[in-house]
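Below you'll find the structures, each written out as structure tokens.
Here come two complexes built around subunit A, the first alongside subunit B, the second alongside subunit C.
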Partner chain A sequence: MMKEKMGICLLFFSSLFFSLTGEEILRKVDSNLNFTTAVLTMRMEIYLPNQPVRVKRLKSWTEGSARSYVEFLNKEDKHTRYLKLGKQMWVYDAEENNTFLISGHLLKQGMMGSDISYEDALEADEIYEKYTIKLDQEETYEGRACYVVILTAKVKEVSYYQRKMWVDKEYFVPLREERYASSGKLLKVLESGDLKFFDGKAYATRSVVSDKLKAGTKTVVIIEDASFDVPLQKDIFTRRYLER
Partner chain B sequence: MFWWVLFILSAVVWADGGLDIRGSVQGGGGYFLLQGGGNTNHSYGSQILWRIQVVNTDTEYGQFDALVDINQWGGVLTNTTSGLLFWSSGRESMFSIDVRKFLVRIKPSWGDIFIGRQLVRWGEGVVFSPLDFFSTLERSEGSFSRRGVDAVRVRFSVGENGFGEALGLLSSDWTNSSLAARGGIEVGEWYFTGAAFWNTGKNEWKGGISFKGDLGLTWYGEFLSHFSTSTNGNFLHGMVGCDYSLDRWILRCEYTFNTAMLSNLSLVEKMTHPLYPFFSHHYAMLQVSFLPTVLDAFSLVGMWDFDYPDTDFQDKPQRYSFSYTRNLYQNVVFSGWLQYEQGKSLWDEDFSSLSVFLSVKVMY
Partner chain C sequence: MLPLLKMALRNIQRNRRRSLLAILSVGLSLMMVVVLQGLVDGLVENIMKNSTKNDTGHIRIVEEEYFKNISTMPIQYLVYNPEEVVAFLESDPKMTEKITLITERIKFPVLLQYKGNNKAALGIGGDVEKEKSLLMLDRAIVEGRYLSGRVQQQNEKKLREVIVGKKMAETLELKVGDSFSLMLSGADLGIHIPRFLVVGIFETGLNMLDENLFFLGIDDAKEVLKTSGGVQEILIMLKRYQEAPYVAASIEKKLKEREEFAYLRAVDWKSAGGFVGMLEQAMSIYSLLYVVITLLGAFIITNIMMMIVLERRREIGILKSMGLKKREILFLFTLEGTILGGIGSVAGVVVGTLINIPLAIYGLDFSSSLQNMNFPMDNVVKWMISAGSIVGSMFLGIMVSAIMSLIPSRHAAKMKAVDAIRSI
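Now for the complex of A and B:
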């Protein structure tokens, strides 16, 4: 009887001291996604009601979370390039030789007609400063055991007041995220799957983004090719390279 | 000579890698109503535009970039034909070839050298842009695009975002060339540029700055001072603009002013004046865009001339255009625009016009 009580106490205290907090779970997600550089070739499929799917292909070069450069490979958008430097997004139109800075509220618009806004693409490491992070519960999602983490905005300057994330318990990969307005209205849903392993780390190679304000639309991003921690050309994150 | 050197450089750069060819074919037609000088004209116009862009795929040492428009104009649009080559191809039909860009970029380790016809955008404004010394606005099209200039431009980077550049507009008469320089730097989350221009032949100077940044709305502006030994050649020219996006709506406003005192300019002087085509002291532009789906885009643009103090607002020069584009398939876009304009022509005659144009563009 005494042993049983001690066992229960141990279990209780170990859960108290060793279970993860919401922030720790997200830090583990970050740590899993941690790479110095990444080069990804992606296929973006834009689904619209009663329309044939629009397909865009793009290649991105990323360093940390603050710097990335994107080129479109499909012929209709080949003249468009993006450079993200911290919170700034520069766009280059090679046909008009025009570079312009996207800032302010224009960042809320969808990139190249997709459900992914410039703001979504710019999002960096600020969630810890801007959100209160809480572990809500654990549940099974698509057959995988997940932590459910809720992020609630503590500052006004955020695109989404509340975010609910399902994080795979084994691989620390977010499998689903719901983004809400302060009114409680669901704005966006992100679903990830097709986990693949690179250097022992799991990455989702298929993501679906649905903008719930636009009925029947979704954007699917499939990673066709990926390489991590590879050396990048020195000047790739400069305006000179963008305008080449 | 300039073009021969350019062709040789282009050939060298082509040899360094393959060529990537892409572009679009756009065909359309429209109706045009013009009233002025006691006359009313109803007419039609059509345009088939084949746009070809050629760039070389290997850009390690140099890059070739060309954009050529091959146009078949019909009806009243034959009057607006311009380009490198154009000739009549039948009754009320013209054929033209316009080289919008044809340049070689050489890439030494310290920067870039651009030689040839190039689009040089130095301003932040979409419609009003005093700092765009070289690429003038094309108003005849439904959209706002700009034309290139033949120049040599040298550019170097300063950090990730900063840069300096110098440009020369070559002339067979060297003493009649134009020179310009510009630098840009990021300060906090604001971006600033400073630019200067010197026309050696006219002994004309210009100097100005631009800025762009976010203060709730995105604000941008350009301020320029003209100095010249010619009569009435000293004046200020500026603009401020802002844009805002709310859900599926995008709003953009621009205002421009100048302090130039212009009178008795000939037609040629007007066409080549830095203020062309905005000679009045105060203009404003409001653009409202609505993007209900990722396929559809509506845009309404209003432009007003606030001069003519003795004229009622409804009689002042103004222009409205409404456009709609729809992405029909992956690479097919339908567009249509309706435009109304009233004002004074370059001959100082009152006129009003109404036009509607529909077209389909296929990208390849």
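Now for the complex of A and C:
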């Protein structure tokens, strides 16, 4: 009887010791996406009410989380290029030979009319500094066992006061994220799927983003091709290259 | 009838001070009603004029989805081949005899950034010539010049001419000759970063325009926003704006005759909502206010008539015993009250109109009150005088006086002759 009780206590304490915290879960998500460089070819489908679907094809070159360069492959947007350096984002229009630094309230606009805002792209790497992270519970989502992690803002300078993530327990890939305002109003929903494996790491190749402040809109991003840890052109992350 | 009228007139003169009090009370009320009505009518006319020429037109032809989201001015929902739509409408003589102007417009909200300053602004692309009759910005130029309709080149860079509001120029520290860039999301959902050259600064006296607006040619707007020739609105101005709902319905019916135009809607300025819709609702409240003010003024007639009835009880008894019927007594006293109210109404309306005349010519300057407001209202508001309002106010005064006289008159009519004579 005594041995059984001790066994139960040991099991209980060891489960406390070895279970993951919210932050640990997200760090595992990050390590899953850990690469020095990445080159992605993507298709972005923009859905607006009573409008035909707009399809844009783009290619991005990324170094870590701070540097990124994007070109469009579809004819209509070939003149547009983006450059992200740290917390700054420039856009270049080759037709007008003009560059613009996106700042202030413009960051809240959707990229190319999509439901993905510029600040969504810029804020991606700052969650640990800006949020307290807590494991809420475990749940099944789309047939997958998931950790439900809740991020609550600890600073005022955030786009979303609270974020709720469903993280696949096996592959540590976020499958769903809900983003809320401080009033509790749901602002955005992100759903990911179609997992593919690169160097043994799982990567969601299809994401659907819907801005809940707009009726009947959504943006679907599909990764058509991905290469990781490949050498990149040295000057690709420069204003000169952007404006060539 | 005539003898009763003569009696009423004579009775009114029996106590001149009391009669004067009644006349003054009604007169003051009617004077207030006339002045207030002049202000409200002037305000409504001003707001309606500014709203229609600057914003809604008398009628707008738009795409259905654009109308549903009109507050955000989405650039994706366009009237394509607008020149064909215009030509189609102009081919109908029944339409052209009602219309004074048809023009195209594109509107796009932007965040202007210049020299570290930010300003939420509205860009309007319009026909440079036709907008001289609508926005009338050519007359409001205080620095530089109006648009020439040409695109300029500077160091191989294209510069499109714009004129900006004076207050906006001050906020952004923009001067004539400066150029700025905008990041625009076009109808193709692509990003475009055109350059604009400030060729002129305007000051209209309307905060809504001076603080928020920059204006460019319609062809430039179509090009920078990649509309493929489409526009968000075809604006129509009519000879008589009151006919707008009827003409809009006719236009919409006509557009449905052609399949390629069937997706369009014709919306009159009243259906557009916004300030104009608010005004429509406010007007009914103001009408009630006029009645209440008049009632308050005429209330004194009830008091005075009651006093008269009580004072002249014996006289009423004698009149009844002499054969005057109930309805004749009722009529006599009501007539007295109505005459007092009528004289007061006429006096009040005349004095009120005399006050309104200089206010209609010179107006009052509300610029300090309107400083931080974006109403489609000129800073100087002029009163409006109309024959309809004058006659209507007079009629209101007389009617209310008659009604207020009824209560004491009924009291007099119901008196029994014997009881009345005995009350000394």
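The working rule: the second predicted complex is superposed on the first by the 242 of 244 C-alpha atoms of A that agree within 3 Å, B and C clash if a C-alpha of one lies under 4 Å from a C-alpha of the other, contacts with A are read in each partner's own complex, and residues count from 1 in each chain.
FYI, a residue touches a chain if its C-beta (ideal position, glycine included) is under 8 Å from a C-beta of that chain, and two chains touch if they have at least 3 such contacts.
Predicted model, so just to flag it, every value in this text is computed and none were measured.
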item	value
Subunit B versus subunit C as contact partner of A:I46, first or second or both or neither	both
Touching partner for A:S183 - first (subunit B), second (subunit C), both, neither	neither
Contacts of A:N97 with subunit B and subunit C, given as first, second, both or neither	both
Subunit B versus subunit C as contact partner of A:F237, first or second or both or neither	first
First (subunit B), second (subunit C), both or neither touched by A:T80	second
Touched partner set for A:Q137, first subunit B, second subunit C, both or neither	neither
Contacts of A:T217 with subunit B and subunit C, given as first, second, both or neither	first
Which superposed partner A:R54 touches (first subunit B, second subunit C, both, neither)	both
Partner chain in contact with A:Q88 - subunit B first, subunit C second, else both or neither	first
Residue contacts with subunit A in the superposition, subunit B compared against subunit C	B
Subunit A positions touched by subunit B in one structure and by subunit C in the second	46, 48, 51, 54, 76, 79, 95-100, 103-106, 109, 113-114
Residue ranges of subunit A in contact with subunit B within the complex	46, 48, 51-52, 54-55, 75-76, 78-79, 85, 87-88, 94-101, 103-110, 113-114, 213-214, 217, 235, 237-240, 244
Contact footprint of subunit C on subunit A as seen in their complex	46, 48-51, 54, 56, 76-77, 79-80, 91-93, 95-100, 102-106, 109, 112-114
Touch list for subunit B against partner subunit A, complex	20, 22, 53, 55, 59, 63, 65, 67, 101, 105, 107, 111-112, 118-121, 124, 145-146, 155, 157, 160-161, 163, 186, 189, 191, 212-214, 216-218, 243-247, 250, 291, 293-295, 327, 329-331, 363-364
Residues of subunit C that touch subunit A when the two form their complex	64-65, 76-77, 111, 113, 118, 120, 156-158, 181, 183, 185, 188-195
